[in-house]
Structure formats: C-alpha cells, structure tokens
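This is the structure, below, for whatever I ask next.
Chain IDs A, B and C follow the sequence of writing; residue 1 opens each chain.
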Amino acid sequence: MSISIASIEMRGLSKALGDRLILDGVDVRLHCGECVALTGDNGCGKTTLLRCMAAQMRPTGGEVCWFGKNVIDAALKRRIGMVSHESRLDPHLTIRENLIFAGRMCSVSRPGLRADHWLDVCGMSARADHRPKQLSRGMCQRISIARSLIHEPEIVVLDEPFSGLDAFGTKWLHNLLRERTAGERTVVFSTHDPLCAESLAGRVLHLADGRLQEAGLAATARYSCPANEAA
Amino acid sequence: MKSRMDSRTSRSGVSIAITAGLLLAAGVAIAVAPTEETMGVAQRILYIHVSVAWLGLTGFLVMAGCAVAYLFRRNLGWDHWAQSAGELGWVCCTLTLITGSLWARAAWGTWWTWEPRLLTAFILWALYSGYLLIRGLIGDSHHRARLSAVVAILGALDVPLVVMATRWFRGIHPVAPSMEPSMRIALLLSVAALTSLFAILFACRRTQIRIEHLMPQLENQIDRSLNSTARPSPTTMSHV
Amino acid sequence: MTTGLWWMMSKDLLCEISGKRSWPSMMLLGIVVAVVFALQAQLPQEQRNQMCGVLLWVTILFAGLLGIDRSCSSEQDDGCWEALLAYPVSPAAVYWSKLLVNVLSLTLLEILLIPAFGTFAGVRILNPIAAIVPLTFAANFGIAALGTLLSALTNRLGLSGQLLAVLVLPLMIPVILAAAEGTRLIALGRIDEEWWRWFQFLIGFALIFVTVGSILFEFVVEE
C-alpha cells in the first residue's frame, strides 16, 4: 500500500445544519489503495461526512483536499465517484441512458459501449430500456453504483451501499470493491454491518459526537457498537 | 463597570441628539418652511416622503452590500446586518408608498397612477417583501443567509432603475422640483434626521437579531455541559 | 464546460420531447390566455395596437414560467439535482444549460403564440419580422436568466409553485415593460429611435442578469 500521497485529506472539517453541529473538527487522511469503513449510530453524521468528502456539501469550516488539491476545482470531480443511499437516477431516462449520460458528463470515450459493459457487470442487460421506476430498489442501487464507477474514478465514496441489496447483490458489490482496492483506488463506505466492515475494510473509523474515532485495524480491533458490546 | 456606564451614557447622548434632530426637523418643516402656493399644507408631506424614499433605496443597497459580504466571508454577522437593513428598508418603502399616495391625491387628484417612478418604487417594495418572505421560510441560518443574499443582489440591480426612472421614461413625477431655500433646508434637515434615526435603529435591530441567533447556541451549550457532567464522555482522538 | 453543457441540454430536450412534460401545457396555456385577452380587446384598431404589447407579453410570461419552472422542478425528482451537481461541471455550466433550454422553450412558444395572437387580436406585429425577432430573442434571454435562477431557488425550498411568481414578477416588470413597448411600436409601425432604446434596454437587461445568474447559481444550489 503506497503511503506517500493522501488521496483524501480533511483538515479541521466542521459542518453545522441549522443550530446543530454535525461535524466538529474532523481530521483524517486516507491513502491510495485504502479501504475504509465508516460506522456510527443513526443520525451521527455519516452521510454528511461522506458528502463533504465527495465535495457535494460545503463544510462550515475546515477544508477537503484530494491528492493535495482543494476540491473547489470542478474538473477534479472526474477522479471521484459517489454512491448515495438513494439511487438518484433520472426517472425520465432509461437505465442505459442514465449510464450513457454519466459517461458523457465524465468525458468517457465510447460511453455507449461502457454503459453496455456495466449493464452486463450488473446483470441488468435485459432491462436496459427500463426506467428506474420499473425496477426494484436493489436494482436501482446496482445501476447507481455502476454510474459512479463508469469513469473509473480513483476515489470511490459509498453511503450505505449494501442497503437494499440482496445476497447476490451484496456478494457482487463485495467483489467489486475488492477489485477497486486491489487497483490502488481508495474506497470509503459507510455501513451498519460490523461483519461487512471487518471483512472488507482495512481500517474502520467510528463517528460519534461529531468526531472520528479510530476503531483500529479491522482484523485485530473491535469497534464500539451496541451489537458487539452485548456479545 | 466604568466602561459600561460610559457606553450607557454615550447611548443616551446619541438618543437625545437624534430626538432633538427629529424635533428640529419637524419644527422647521411645520413652522419655518413656507406653505407652497399650489398644494398648500399637503406639500409638507414631501419632507417625509423624500426622506423615507431615500432611506428605502439606501436600505436596499446596504442590504445587498451586506449580502455580497456574507457570500464572500460566510460570516453570519453580515447576514444579521442584511436582515436589519431589509426590515427597516421595508418599513421605509411602505411609508414611501403611503406618503406618496397622500401627496399624489393632493397634487394629481388620484391616490395612484402608473407613472414609472411610482411603479419602480412599488417594485422595490415587492422585492423587499420577497426578501423577507424568503427569510421567513428557511430555518437553517446559513441556508437562509445564502438564498436571501441571492434575492437581495438580484433586487439591487433594480435600484438603478428607480433612480434613473425619470430620465429613462417620461413621467409626471417631479425630478427635482424647484424649491425656496427655506424649503430646501427643511428637506435636508428631515433627510438628515430620519437618516440618523435609521442608522440607530439599524444598529439596534442588528444587535437584537444577533442575540436571537446566539440564544439557541447558548442553550445547546448549557445542555451539553449538563449532559457531560452527568456521565463520562468517551475518549476521543481528534486526529486519526 | 461546453461538452457537459451540450450533453445536459440534450438530456433535457430528450426528456421533454419523449416525456412531453411541459411544452404542450405551456403552449395550450399560452393560446388560451391569448384568446381570452383577444376576446376582451373589442376595441378600435388604434387602441388594440396600443394594448397588444402588454397583453402579448403577459401571456408569454405566464405561459413561459410554466416551462421554466418545470425545467428545474424535474431535477428535484428523486434527488437528480445532487446527481447533476456531482458531475465534473461547474454550477455555471448547469445554469447555462437550463438557461438555453428555457430560451428555446420560450422561442418555440412565441413561434406559435405571436402569429396566433396577431390573428386573434387583429394587430400586425409580424411586420417587419426583422424587428419582432431580435426583440423577442433579447427578451427571452432576460426572462430565462431570471426565471432559471429563481426557479432553482424556489425548487430547492420545495415551494416552487407558490413562491416563484411572487419573486419573479417584480423583477420581470422592466423586461416585460420594455418588450411590451417595443411590440407596441412595431404594431404602430414605428421602428424609430424609441424602439431602438427599448431594444438596447432589453439587451442590457439580458446581459446583466445572465452574467449575474451565472455567478449566483452556485450559491443557490450549494448545500
């Protein structure tokens, strides 16, 4: 694992929503090829943290850098892919058109071919002309993941990607994320499943009271989780 | 203790000075300035009308300036100034329309006419109202500051139209009516006195808004410190 | 920026043509309002020429706002705004794509509406066509510039229907006034210095609000 360049660095990050301080001075460095799991209770701010990390939310204080550069530059977004826990597919386009549009916006060459490839990877080629409303939540989630990866980003941020996926989908995503990290890409994902975090991530971070806690290396440490504490 | 007493003394001094200024302006406008030949006593409405019209315009520019400052600095203090200017400006704009209608009735025999300058003054009032409406609909302070700043800046582009209306469009509104020197003095005194009043109200209202903003944060901090003394907090590492 | 802009525009146009989301209702509303106004205008020719400008442009404004609002409210469905802003394009590019699609919508509306209104109201506003075309084009940019920005703002608040007209109409009065006066002068056959003054006013208005809209859009869509 290469350590020298931080692919994502957040310095003193804070975010307030209304009068509530969601993130309070978060500092974190993630390196190329790391796979990091983010855990925390419902409503602790995981989605907010990931959205700030992916430059989809402007922090109230502090800064976010990708590969040493401030994320204000819109062109840098080509190097990142974000999967939200809602699919956010355009309901007026077919899933193939959604993928092609994403490819075009990210300047992918031959977006049509790439879209067909990803439909195949998702096992959804037969439903290429379906609109998102005609598909299940799990299927939309798979297409949403494909959309975020169609331009082969170096950083992948996923917000509860396993929610809504069946056993086949979960295994499919597991393998996909392993492939990403093997290719020196940085993966950050949030999850409520401790087993998933431990099996996939090399590092687990726990968010509580607006601060990040190092929950240690997944293989050797237990992070603070009600299920684990009860065991 | 001494500095608090000094600041209270200076605030009282300012209030007394402004009150004296207002009384002086009123006195000159009512008793010293002569009665206009054509319109009679109704002409004296002009001393208030011009003053509040000028403040309505100025308030909008101040509001837009503070809005721009907020968008650059992202400091809610600027938004508090903008809100204060917006509220006072709305009051001044409303008074402009009311006093303008009274003056129009006396001068032109109608409560309202679709003359360009009156129209653009109404537009300004509508823009202020839109600004305050937007502010009332958004709960999050930064979100509210940002979106209302956009509305304020858009509205500020309308202000030159108000100022230039009588040059760009033909209309019956007097541009710079000829006045006797004593009338001019009365007008200037009214403008100065009402501007001073606007300035002090602007500062006071802003202080009020700032206190309203700080109260929930103080309550949250008190709740948090009460909770933390009730149970031990987890060990946190801020740097990971 | 231009590549992303082109693809965003083509996506919106594709959705509109295949889904028929707003153009049919916009056109229908325009025609109905135009007929209603024309029915009321049982006046001598001279007075019809004087009134036609404001009646036409109020019609265009109300019908056009329907389409402009829909261009932004469609992105509110299923969180598409967030997805659109996540792409490597600047917010200004997103604004320009919506603006140009809205200008096209207004142009299509006017291609149908202006001849229809001229016929129903019995006024000659297409002659000369070299006067009405640039006038409407300049006005469309002004209307679309403000409408796009404020539609995005009100949609982000989830209150587009109620709030858009309240915010937009006071700001639109100068452009409607200028366009109406320009159209009135065309109907009166007076393409003179006064007409040029109104045309230049529209150009200036469009330039100002397109520029300001490009800058402010980022603050509207930010989270």
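Just so it is clear, a residue touches a chain if its C-beta (ideal position, glycine included) is under 8 Å from a C-beta of that chain, and two chains touch if they have at least 3 such contacts.
A quick note: this is a predicted structure, and the numbers were derived from the prediction, not measured.
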{"item": "Touching chain A and also chain B, the following chains", "value": "C"}
{"item": "Relative to chain A, chain with the most remote C-alpha centre", "value": "B"}
{"item": "Chain nearest the overall C-alpha centroid of the shown protein atoms", "value": "C"}
{"item": "Inter-centroid spacing, chain B versus chain A (mean Cα positions, whole Å)", "value": "47"}
{"item": "Computed distance of Cα centres, chain C from chain A, in Å", "value": "39"}
{"item": "Distance from chain C to chain B - Cα centre to Cα centre, in angstrom", "value": "32"}
{"item": "Residue list for chain C, restricted to those that touch at least two other chains", "value": "222"}
{"item": "Interface hub residues of chain A, defined as touching at least two other chains", "value": "none"}
{"item": "Sites on chain B touched by chain A in the complex", "value": "74, 139-142, 216-217, 220, 233-234, 236-240"}
{"item": "Footprint of chain B on chain A - complex, ascending", "value": "16-20, 25, 27-29, 60, 205, 208-209, 211-214, 224"}
{"item": "Footprint of chain C on chain B - complex, ascending", "value": "71, 119, 123, 126-127, 129-130, 133-134, 137-138, 146-147, 149-151, 153-155, 157-158, 161, 168"}
{"item": "Contact set on chain C toward chain B in their complex", "value": "146, 149-150, 153, 156-157, 159, 163, 166-167, 169-171, 173-174, 201, 208-209, 212, 216, 219-220, 222"}
{"item": "Contact footprint of chain A on chain C as seen in their complex", "value": "3-4, 7-8, 11, 14-15, 18-19, 21, 74, 77-80, 82-83, 85-90, 222-223"}
